[in-house]
């Protein structure tokens, strides 16, 4: 854990040399260095060391791997690409597999917008290259799928079709064909992690109205009540307190209504 | 249509040479190339070819021109400038006039924020330059206006003034003087298209509470029920599924309440 | 005031030479020049001169200093870094102290997301450097705090703990320990200004559900009813009309419910 803290600290508040070079080459903005932060907001460095690193990322209720997934999902959802290379590297250090990062980006093309995924590709490309992550470590474009719960999916499709089939047939059709009968069945990211990504993106972008369905799905897929609470705490820092406090009542209601 | 698909494909997932040069010159980030996408998320390329290009942009319910307007409005509203040059070029290819793009940017200064428009100017400037689009193709800063429905506008102004005149007089005043008695009367963008831009921006930024008024106005201005549904399907991809599903119930309610 | 207008005009629609140089060095995008804006959207220049500069920034209901705080908070909250150097310079010209800008950035790390603050550091660093603002003008990382209203804070903590303590203990704990018993007590930014920053960020990011608590707190801290209304008018321009109109009913309700 000391290694994690040191790594996080050095990267959280300092652009790596590699990043600095990429800035010149690709026109990407680099994260400010520790000195930059001190030259503007000394208190920000204090909170980074004294709260984010020494406490938040070490809390026992959620693994560093999962915290990385939550944080990367939030940054992609909010299109914050400056910090993304650092947190992608941290995610890989924390045990998130390259194939899972690939799937997270593809998943968020649909759950946060196409351009967010395209922007994330630019960041991930450099990270993958610097770590010699090649095509053999990526999921194939197509291939065998996870089994589908036909009854549950039919029920969902019927419900959504009745609600919106007359209003926006394209949305209804793509939701069934592309999302629930294809994207969600891709084996490169476990359904529980796919749900974790989805819920994180919803909280991070203030999509309160969509949390109920996806948090229930996440918990059906294995996310625990304790982890759900830690997602909110993690996102308070990475998506701001207002998003956390707008999500909290919905998450409370979902958890209290679920059968024990 | 084959030409459109080829154009879209080549541009959707590959930065043009011109863009690449701009990156060096202006510090703008370039869109990732097809190879970049394949090196990170092979499935994303699959969905780009197999769904977005071969299906979404070809759906009969809304013209490619209107899909371009919706998509450009979403990108400007979400301040996603990396992809904007490509989609501005595509919009021009699809028949959106330079003067209309100029008006879309000015319109969205008010409906999504001043800085979004300023950022869009940077992207559009290079696109206009590369296509030799000069001042003669742009709308004048001022000039003859479209006729105003004085009765309807007086009714709107009275209602808003009663609601908020005591609370925020500046907002009420500018809404009347600058928006409804000036911006909306500019002839460079048809009222129906101006409404399409507005509704797209609202859906793309999750401004659910403002959709009812502007979708009614859009349909008064000629947007069809079918087109409204296609806007939602288009924006599912370009602003994410959660924004589409948060807008859908409001759009349903508006459509069902309108006189047939 | 003529000087202000001239300054604003030159900077609002033209990148300074310094900025242009930073672009080359740091990979930051520069704001478009007046010529760029004219080459894309002549009407945008008209509105900049005829409304934003000649009217909005000169309205009597709120000081230019406060308008700068509101605008800078909105840009940081929306992660719009291209325009930020200009508005940081304008804020300093309008009397916002470097120490206050430092605190605004740290404050918004919590109220809009960590990465937003990190991105703002990059912009502020260059502005501070160009004006020779050194460490002696910045607030210390730690030090004496403002007095705490223990009774009110205990009441707040109890209420939030009862609501969410079982659901997300980390959020509840950090809210007390880091926010209300540390961040809000930092003396570098007056509580009234800290509230102004918070409310501006909430309105600018559509966090309607969080406005009631923080606007009441702001008015307890000295923000007047007239200023609250001007915040909405200022943010209509800098965060878009939909955010202003979604905030207006909540602000109205808060003001009407407060004891006279």
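By written order: A, B and C. Residues from 1 in each chain.
Here is the rule we use: contacts are C-beta pairs under 8 Å (C-beta built on N, C-alpha and C of every residue); 3 or more make two chains touch, one makes a residue touch a chain.
Keep in mind the model is a prediction, meaning the values are calculated, not measured.
Chain contacts in this assembly form a complete graph, since each chain touches every other chain. Two copies of one chain, chain B and chain C, touch each other, and the residues they use overlap weakly: the shared fraction of interface numbers falls below half. Distance between chain B and chain C, defined via averaged C-alpha coordinates, is recorded as 27 Å.
Shown for chain C are the residues that touch two or more other chains, namely 27-28, 79, 206. Listed in rising order, the residues of chain B touching chain A in the complex are 23-24, 27-32, 36-47, 51-52, 56, 59, 61, 74-75, 78-80, 82-83, 206, 208, 228-230, 232-234, 236-246, 248-249, 251-252, 255. The part of chain A that touches chain B in the complex is made up of residues 26-28, 79, 81, 101-103, 105-106, 109-122, 124-125, 128-129, 135, 138-142, 163-164, 167-171, 174-175, 178-179, 186, 201-202, 205-207, 209-210.
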